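Before anything else, here is the set of structures, which you'll find just below.
Presented sequentially are two complexes of chain A, the first with chain B as partner and the second with chain C.
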Partner chain A sequence: MSNPKTANVVIIGGGISGVAIAWNLAKKGVKDIVILEKKTVCSGATGRCGAGIRMQWGAEQNCLLAKMSVEFFENANEILEYDRDVEFDQGGYLIVAGNEKENEQFKKNIALQNSLGIPSKHLTPQEAKEIVPHMDETQIVGATFCQKDGHLNPFNTTEAFAKAAERLGVKILKKTKVTGIDVKNDKIVGVETTGGYISTPLVINAAGGWAQEVGKMAGVDLPLYSERHQILVTEPVELIQDPMYMAFSLNIYIQQTPHGSFIMGRSNPEEPRDLRQTSSWQFLHEMINTCTTLLPPLRKLNLVRQWAGLYNMTEDAQPIYGKVDNVEGFWLACGYSGHGFMLAPATGILLTEMILGEPLSIDITNLDLGRFERGELCFETSVV
Partner chain B sequence: MYLKTGVADKELVSNALPTEERRASGPYAIIECFQEIPCNPCTEICPFGSILPMDDINDLPRMDYDTCTGCGLCAAICPGLAIFIINESYSDTVASVGIPYEFVPLPQKGDVVKMMDRAGEFVTDGKVLRVVPNKKYENTPVVTVEVPKDKVNEVRFLQLKQEAEVAMPTADPNDEENLPDTTIICRCENITVGEVRKMIDQGYDDFDELKRLIRTGMGPCQGRTCRHLIMQEISRKTGKKFEDIELGAFRPPTKPIQLEQLIGGKEDV
Partner chain C sequence: MLRIEEHPILTFEKGKLVTFTFDGKELQGYEGDTIASALHAAGVKVMGHHHVSGRPRGFYCAIGNCGSCLMIVNGEPNIRVCVVPLEEGMVVETQNNRGDLL
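Take a look at the complex of A and B:
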């Protein structure tokens, strides 16, 4: 198969966002969509993420985006006509408060979430221990829990979108790297790749960790940076922990997957801003110290593997959705700040509505690129 | 060269041999231990004190051939299987070689076996004279085989005839017929060759792609066992050269380790 020479839409990045946008556009009848992926589908942040899915957010907009996405994931196998299973396991999210201030904020979050139809609740440490019996409840002052949150298989979910998109004619060119974006008279006219030139009037930057680099190719300096986040996984054991266990104040999350292995990640506030994806022993040391304090029996598990992926960060830890005003045809779906995977269904729907000029299912116009210049940032504090 | 290939060359071996006179006058042990490692069971087991005491446990063993009787205990005790018992005067026409052999099934007295050199290449056929089980000494049997005199210091391993016949058909990795779809290719995750082939047919022709989608290489062995087998399968199905298939990511640690081993104290942060 030779690569296409022209396309109506070129999506840069074969992660969850790229394939979700492509599928939504194709479903609405857009033809000749090409996804360019420098390695293989899911090889970037999507394939490296913790793959937790939650609706327990602090900002109303995120609650709504997450709710839309969870409702999609619940029916993803059917909607995407997937021949395998996206493995959506709604074991819940248990978010623990390490201090009273956090606990009070959580109570406000719960009120907001409940008002939006999200079935979360506040728990005492003892109630939390009933859900995760191996926790040391003396380490926490309270918790929140939502049974509808959970975990997905990120590889299968991305494949499900990719296959559904391909059935609608979307072309995914793997091992094809974008080397330049051709802009003439402030308009996108094409993309240069290692597989040849593709003429196109529309480019979507869904490059995750490399979104800043892609922006520069079109002459746009996006207010984004990337930083490494690390994860480890253990050998599978008998299923003992249903929900994701998360602590914002300690920057950690710990979850047992349906496969039996425990996946845990930790953010380092001092992580430098760059594109490294290397693993460090310091992460292991800190992660395991924290994990075994909170969930002591996990000390007996065997570490199998550790890895790192990139968070593509914005100043307010919120994504950038929408077009770039001074480069016609250049669209952004990046800057997820660590929660791009779980928002992907909403990303796909809303970007498509924006591009086709349709009314938006959820108003996300405030998440545009212009908010940084206007100084109208939309902070979200419930992040790891 | 020895350190690179693991195969001792002629010079190393001839330096380890006793004098011509001693070689002609009855059984003796040859110690083909050429690397200084902390190991000394041979010096402890020898009932005749023929393997001289070491000053340092890393020393190479030294022999007193005047007292060595070729009894074979050192061959059974050596953890590196590096000691052999040679009898060049076994008869007028043939010699015998005693080889530590840790495989099952054991050969039987009278069996004709294939004799291999230090690099594993076939040299000659040999007839098994005796099999000493050595249950007392680490359970390493010593198999003594009759071989032509001029080959006795060349042969160092044996292969059973029927074992050779069974092993041969799978030796050609390009022969797909010999790997049925039901063969488990990833033992940690219990994935069959058939599942891998099905994915390759769908266009997943990269080790890491397969790893993400069907978990091959994601288990405790981290692909140490299956990685090259899967790459071979990709090569066979796609026609790409094996050396052009990407190895995929290697992640730390290299073997599973219990979390509590990594906790440590605050002072070493």
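Take a look at the complex of A and C:
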């Protein structure tokens, strides 16, 4: 099968965002959509992430985007007619406060979340221990909990979108790397790939960790940078932990998958800004120290492996959605700053609405590229 | 007797007797044994169970790779008994699930 020579839409990046956008566009009747993936579907941050989803955010917009995504994930198997299971485990998120200042902020977050219909609640350390009995409650001063939060299997979720998109005619070109974006008179006219040239008037940059590089190909210097985030998985044991356990002050998250293994990650504030995806012993040392302090019985676990993926960061830790004003036909869905997986259902819906000029289900016009020039950043502090 | 007493090349010098329990029963091995070799010598053939099917698993790779001999040792689950040296007073138990942390 030879690669298409023309396309109405070219999406760069075969991660969860790319396939979600493709499926939504195809569902709305857009024909000749091509996804370009330099390796394989899920080979970037999607297949490396913790795949958690939470509605417990500090900024209203993120609460709404996550709520839309949770409602989608709850019915994803049916909506996407998936023959397997995306494994949405709604064991909740328990977010612990390490100090009083954080605890006070959490109380404000809860008030906001509740006003938006998100069933989160504030807990004392003792109440938190009832939900995660193996925790050392003396390490925390409070917590918040939302039962509707949870985590998924990122491979299955992406496959569900990809298969549904392919059934609607979307072509996913794997092992096909974009080598250039052809811009004439400030308009996208095509993309150069290792599989040949494709003429197209519309390119969506959903390249995750490589979104900055893709931007440069179109002559746009996007306010993005990438940094490595590390993660590990343990052997499986009997299920003891329902919720994702998360601490912003310690930059960690710890979950137990339905299979029984524990997956945990930790952000390093000193991480250099580059495209490395290597693993380090320092991560293991710090992660293990932190997790066994917070959840002491985890010291009995054996480690299976560790890996790393890229966060594509913006200054305000919020995604960039929308078009590039000075390059017609160039659209952005990048800069998720570590929460691209969980927002993907909303990303797909909203980008599609934007591109087709439809009214937006959630107003995300302030998350445009122009906010950096206008100085109107929308800071989100509830991030790991 | 499942111990090799005579071998054309190697010689085996037994260390001193070590007493341990397996599923509550008192057994003896020798210093220098792994837990699994002492169990094997004592006639224990079932080292674990598949955690989904429940079918018994025997002594298989004996070098810590296969995961067929995961047991609870002194309360810790998922111990590969084929690579852990036997110690006096060890409490060894059959593990019939993925391992309990609590």
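The rule is short, and it goes like this: the second predicted complex is superposed on the first by the 384 of 384 C-alpha atoms of A that agree within 3 Å, B and C clash if a C-alpha of one lies under 4 Å from a C-alpha of the other, contacts with A are read in each partner's own complex, and residues count from 1 in each chain.
Simple rule for what comes next: a residue touches a chain if its C-beta (ideal position, glycine included) is under 8 Å from a C-beta of that chain, and two chains touch if they have at least 3 such contacts.
Just so we're clear, the structure is a prediction, and the values are computed from it rather than from any experiment.
Once the complexes are laid over each other on chain A, chain B and chain C cannot both fit and instead clash. By the touch criterion defined above, A:G209 lies against neither chain B nor chain C after alignment on the C-alpha atoms of chain A.
Chain A is touched at more residues by one of its partners, and among chain B and chain C that partner is B. Contacts of A:H134 after superposition on the shared chain: chain C is touched, whereas chain B is not. Touch criterion met: A:N289 reaches chain B, while chain C stays clear of it. Of the two partner chains placed around the shared chain by superposition, chain B and chain C are both touched by A:N302. Applying the stated contact rule after C-alpha superposition, one finds that A:F155 touches chain B and leaves chain C untouched. In the superposition on chain A, A:E235 contacts both chain B and chain C. When the shared chain is aligned, chain B comes close enough to touch A:C42, but chain C does not. When the two complexes are overlaid on their common chain A, residue A:G335 makes contact with neither chain B nor chain C. In this superposition on chain A, the options for chain B are 8-16, 62-70, 116-124 or 134-142, and chain C clashes with just 134-142.
Overlap of the chain B and chain C interfaces on chain A comprises residues 235, 298, 300-302.
Interface of chain A with chain B (complex): residues 40-43, 47, 155-156, 159, 174, 234-235, 259, 279, 282, 284-286, 288-289, 291-292, 298-307.
Across the complex, chain A is touched by residues 76-78, 97-102 of chain C. Against chain A, in their complex, chain B makes its touches with residues 206, 208-209, 212-213, 215, 218-220, 222, 249, 251-253, 256-260, 262-264, 269. If you check the complex, the residues on chain A that touch chain C are 133-134, 235-238, 240, 260, 297-298, 300-302.
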